[in-house]
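You will see two complexes here that share chain A, one where it goes with chain B and one where it goes with chain C.
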Partner chain A sequence: MTEKKNKKKSLGEISRREFLIDAGIVLGSTAAVGTAALASSCGGKTETVTSTVTKDGPSKTVTTTVTDVVEKLVPLSCTEDGQWVIDFKVNGKRFVEIVEPNETLHHLLHEKLGFKSIKTFCSRGGCGSCSVLIDGRPILSCMTFASSVHGKEIWTAEGIATEMPALIDAYVDNECMQCGYCTPGFIVTAAALLKRNSDPTTDEIREALAGNLCRCGTYPVHIPAVKEAAKALKGGR
Partner chain B sequence: MADVYKDDFLYVGKDYKRRDGPEKAAGTATYAADITLPNSLFAKVMTCPWAHAKIKKMDTSKAEKLEGVVDILRFDDPRIKGKMLNSSWNHPFVAYLTENVEHLKEMLPDEGFYDGEELGVVILAESENICEEAMDLVEVEWEQLPFILDPEDALKDDAYVYFPGRKTMQGNGNEIDGCFFNMGDVEKAFRESDAVWTVPVAEPMINWVSAEMPTCSCTWESENLTIYAHSQVPYELGLFTADNLGIPQSKVKVISPFSGGTFGERSFVQHFNDQGIAYIAAMLSKQHGRPVKFYINRADQFRTGRSQCYMHGEIKIGANKDGKINAVSIKNFTSFQRAGLWITGSAYAGYDHFTDNTCVPNVKMEGRCAVTSQPPGWWFRCEQNIGCYNLNIVNSEVAHKFGLDPIDVAIKNNGYEGEDVDHLYKIAAEHGLPTTDSLKACIATGKKAFKWDEKLHADGAKKLPNGRYHGIGFVWDHAWNDNVNTITVGLALNQDGSVNIIGQRDDLGTNDRTSYSQLAAECIGIPYEMVNYRCTDTYLPMQLKNPGGSMGIISQSRGIMRAAKKLRAEIFAKAESLKVLNGIKADEMDLKEGYVFEAKNPSNRIHISEVAATCLPYAAQPWGVSCKGSIMVYDTNVTKRKWGYPDGGTRPRFARQCHFLEIEVDPDTGEIFMGDLVTVNDVGVVISPKSCKGQGYGGAMQGLGRAYSEEYIYDKTYGVLLNPDLQEYKIVTMLDFENAESYLEESHNCGGEWGCGGIGEDVATLIPCILTDAVRNALGVSITEQPITPDKILKALGKVK
Partner chain C sequence: MKNFKQYYPTTVDEAAKILKENPNDTYICAGGTDIIGVMKDFILPTYPTALVSLDRIPGLKEIKEEGGFLTIGAMVPLEDIATNDLIKSKYACLAEAAARTASPHLRESGTIGGNLCQMTRCWYFRHNNDQFHCLRKGGDTCYALTGDARFHSIFGLTKMCAAVNPSDTAPAMVVLDAKVVTNKREFGIEELWGFAVPGSTKLEHDEIITCFKIPAFSGKSCFYKAAIRKTIDFPIVNGACAITASGDVKICVNAVALSPHRCKEAEAVVKGQTITESLAEKAGDEAAKKATVIEGTGTTNEYKIQMMKGIIKKVVLGCK
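Then we have the complex of A and B:
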């Protein structure tokens, strides 16, 4: 550690390397481009964190070893290049990423971390296909800065499929997908509804899913699917 | 047609768990837009910011200096100059139009003929953001040129001519194509009718709005090119790209993974959004030794077109008080624009729903297509939209003019070639086909489900306690029951007796993986679980029907059946050679539920795996035509219409569809509130019931948007599109319907194996017409110009000018 450790730097004063050192992270080797991964769960003492570092240009993945990590957040910090370092969870796994100040959460999750359930349909907050759950609420990732999710817990459709298989089963049984491109967005919104309302009415389902567009026109079957999922979830599935 | 009346199906007609369902729901299904290959570069094209403009001067120096910009491909670059979107291949529709038009278009021109046309420059950079930033740094001096938005204006004698000197159909140089038809004597029939009147008609320009935007990624392995594309016609895309690159088609492999909505529009291989992005990405990828991803954003996807053309005109109707329609004269104007080829996609289909489906004896059409500064149209559920629209505007007009039930008018005028349904079903009988009156069957089902008779009332006669007016509407037309296509399909037998269906096809969302497996299981005689279908890429050039959205099941089912017959013959021959089943001959065998057995003595049987295993002694060579001992059959199925069109003449359509809608209309705001919606489709034979119904209500949802909210809105002063996004271009949502139910009829009369046929596209194409009928019933006013927006209702009620 250096003396800089205890000196609070202002925006733009901290370099990326300094941040990693400050955070107790030892820079590892540069690996091939890939998605970020957390080798062990957050509760462990030692973790290997693979961070995708991009400023506009070829993305580079930096594998780092985190020693003596405890269950606390890496502090939100800014590098001298104006990038933010954020610490967050996706589907229960922890990620530490360096993001551009204008980078969207959609870009971070889809392009850098490889969560392909998050789709680009309109790019302007009008379709719901890029929805993710942040602290239980459905959020449009294309309209959310990546830097704003520091300390947040995010769930994507991939994670919801694992956590709420009854919802996926109900969607498949009712054939709520045709081309299927928008379906993960519906899953996210439906999951948010079911988390706050275990027995939604038809109108409540319509209202909740009204921000999700489907060009194939699968709308009518989402209503029975969500109701069936609600019933199954109440039954313990 | 084989086994028309077969109804003892083991697998067809049953609901199985949708095979692509779990991965689509969980978001693990991968689409071309999801694919960014490692170390990829990104490409973006400039679009014309004006309705019509030419580049006088372009300075790309600032963009070139931007960090992260890798290459800049200008219109005057030797690498692109002279390249044509259509390559050197003739598309059937090019041949159709070639007599009158020059169909080629430069891949990267310096002149844009409509707001959004791709031109000028392509930026290649390390990221999408840098592409956008660099594009902003390109300085262009534009020469703005005259433009016309209305095709009728473009036909005036003093109109600006876009392409002077070009051979045209008639009139000034803007009239590129048209449709002129006459059957009977409309003028005489008008004179003999109880009433003759004319109604204005208009259909807006609409967009396909697939969820996934046009995109492709190209990468090379030595001399071999792989393209990941959101394409409905990957084989053609590979063909055109290879031709433009000057390499054999055998070195191009196109992978179309899951597709985020296609609806016919992604079959336009001659458009920049297909051939343009694929060729340029491939060329730049080769040059720079890195993968290239070319993407089109939502605003540009709207502006670059690929949608139904704008049409307006009028229909003159002559009819009697009993609902008999004597004559129809259609006059319309359609906008026209070039892409890789000139295409209007609509005008030629304006009259044939009268000749194909009704006994109206006198039909005349004058459809004129002119160049305008609106983007080129292409099929989006579908080119028959105007045909459906014209038929049902007339049906509704006649019913409401004389105070008749529109259903009675439909039944009265149902027929073919100016003669009644007896004539239609006499033809069916002559060809050994069923003679069920499909329209009556559909109507009976729909009326009961909808409670039509209970809801029917005189026009404008039912005001509800909430102050709104109640109305119901009805539409009808033929089912999508004809098909012309060539397909090649393989069935590969594995050692354990399971079978792979082999054929490339874009995933259209119609549950092919399940329904084709059901078909093959039924045709071969093995359990459904033993058949699998996963779309292949184009390296194995066995093509199922592409695009397969329009009645694809007709070609696919017949191809699968023919291949299955060959496979069964091979299995029986092998079983005979093995001297199993007590040495009986092949022609004494049958195959059912996975067992080969003696037809006369079913207990004398062996499992198919015992035959299959002897065919494939080494797992290293599981299948292949050159693989000795294996069984792989392949078949090319050419389905031909037995009659006329497109060689001339008409088409008898033996199956029908009809739909019912209930609405409420607020007379103070003009807002429409949807009530019950019932769709009824005669699909011949149902393969997968849930999926089939899904196509019914899904098509209806799409059609409702076209009926009352979707339209391109242009600034008439500058000719630029004002609503190129999903905030201002309104497609329907969960809040835009109340209750939707889909019903299916099975007449066995739709052209495919056992008489199966299409659904989905036909509903989306027909439904937009239903609102005119429902609003007429609710308010007693005729609004025949789509979409029926609140302002049109208030205008019809005389509340606004």
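Then we have the complex of A and C:
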């Protein structure tokens, strides 16, 4: 579901292509956005992707020409308006986006790119419901600037569900959700733990999940769930 | 959040230059877990106009042992300090302090530099939209003195501000005798903090901490934190004690005064003595002698004195 949305919304979801792009991304655009044109250094096949920038105020349409040449990051660059052009991956797919300085990672992923698993209870760093993995670390997307993820690899609960189905199964089997609002945050945090520690003890699980709050009080059942997931993952699932 | 200009310099010099050229309302951004909250709630009287991120400067994220010092880059995330084997084994109080800071997620992005430089958590200071334009914002009143000061200072009032320094790693860094290295100078960590508007440090506007240097430590050290919940909550009182192999004693508590508070009286009690329960208790009592209480409207912070005594007892016994 999210994939469809992504297709519509993303400026540069280009992962399905066989190649990666060079420094040659050209931001030509409609008059509404005065973007800097980054010189296209090499030739090659080009493709035009259109995206809508909808942060605070009327939508602006940006047309991007992606030149495919070699495997290289689009360099982090600033437009004349002070927006940042960032190149990053979510759940294995590559995105090139234009973000405002005051835009949080939560806004970029949830509002613009449609990764609806990412929630916000508090928006102040106090609950863990907005957790995503950034380069393997469980990070709060409400307390992270979107512009800071340039060159980084993000995983959300959507991606973890396909990569680690055993974790989701264990969460379902142990009835880890009541209203379910906090669950994606727990999933992300549990996945981070399991990637670092394939056989966590009860105390280690408690400690790792201690920054995730659940208003429905599902806390006790997360422990057997993570243990079961660890066992299943070790069994190759 | 209002919009602002954001910079991603790739060298410390470039970052310092940007700060120098933008003298007003420009802030350094490390992990952002403190400054983003400040900006989301419109806490400051004038909104930050620019942030200078240190994230893309190479070399600020290293932990290494060299030349008789343990060097910790300013941008090292707290989680890396909490889980570092060398720090866990030799500088135990620092690993423990980092492990007890905030929550697991905040420790992944929150840095040691940001932790030591964060603004106060006084709830009048932090109230959104600058509703309490207090001393720390250039105003002329400390609202805690006539309001609810249950979490406020028990060690006098520096320039009449009752706010406390909320850092968890600060007392550990103090007892380990850390040095602060900036782009301009090097100095003992106790000189880092003071009364500032609106921050907690005496750093100059274009001064950037690059790393902290801790002299090689062989001895025992211990940290303890009292908070409402074990995770996420700020300290009500925390403290650390370090006793070197040669018998030097350092004790520091935090969240009790405007800056981390060295307990020299308690150190004198412990120095050269065999640590026992009653000695540890006496150290706490000695430290509490100069403590004062703020009676607000229906509230008091008297319990914090008792709490501090208990923490000093615990950390001294932890160095046995």
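Observations, loosely collected:
By our rule, the second predicted complex is superposed on the first by the 175 of 237 C-alpha atoms of A that agree within 3 Å, B and C clash if a C-alpha of one lies under 4 Å from a C-alpha of the other, contacts with A are read in each partner's own complex, and residues count from 1 in each chain.
Throughout what follows, a contact is a pair of C-beta atoms (placed from the backbone, for glycine too) under 8 Å apart; a residue touches a chain by one contact, two chains touch by 3 or more.
It should be emphasised that the depicted structure is a prediction, and the values quoted were computed from it without experimental measurement.
Applying the stated clash criterion after superposition on chain A shows that chain B and chain C can sit side by side.
Looking at the superposed arrangement, the partner reaching more residues of chain A, out of chain B and chain C, is B. Superposition on the shared chain A places chain B and chain C such that, viewed from the Cα centre of chain A, they span 80 degrees in steps of 10. Using the contact criterion defined above for the overlaid structures, shared-chain residue A:Ser131 touches chain C, although it does not reach chain B. In the superposed model, A:Pro184 lies in contact with chain B only, and not with chain C. Legend: residue contacts after superposition of the two complexes on their common chain; A:Ser123 is shown touching both chain B and chain C.
Looking at the shared chain after the overlay, A:Leu73 reaches neither chain B nor chain C. Look at A:Glu111: by the touch rule set out above, it reaches chain B but stays clear of chain C. When the two complexes are overlaid on their common chain A, residue A:Ala161 makes contact with chain B while staying clear of chain C. Taking every C-alpha of chain B against every C-alpha of chain C after the fit on chain A, the minimum distance is 6 Å. In the superposition on chain A, chain A positions 56, 123-124, 126, 207, 209-211 are in contact with chain B in one complex as well as with chain C in the other. Against chain B, in their complex, chain A makes its touches with residues 32-34, 54, 56-58, 110-111, 115-124, 126-127, 129, 156-158, 160-161, 168, 171-184, 187, 205-207, 209-222. Touching chain A in their complex are the following residues of chain C: 1-6, 8, 29, 32-33, 36-37, 39-41, 51, 53, 55-56, 77, 79, 102-106, 108-109, 230-232. Of all residues in chain A, those touching chain C in their complex are 56, 76, 82, 84, 100-102, 104, 123-126, 128, 131, 137-140, 143-145, 147-148, 189, 207-211.
Touching chain A in their complex are the following residues of chain B: 17-18, 20-31, 33-34, 36, 38-39, 67-68, 126-127, 129-130, 209-213, 258-263, 297-298, 507-511, 690-691, 694-695, 697-702, 725-727, 731-735, 737, 739-740, 764.
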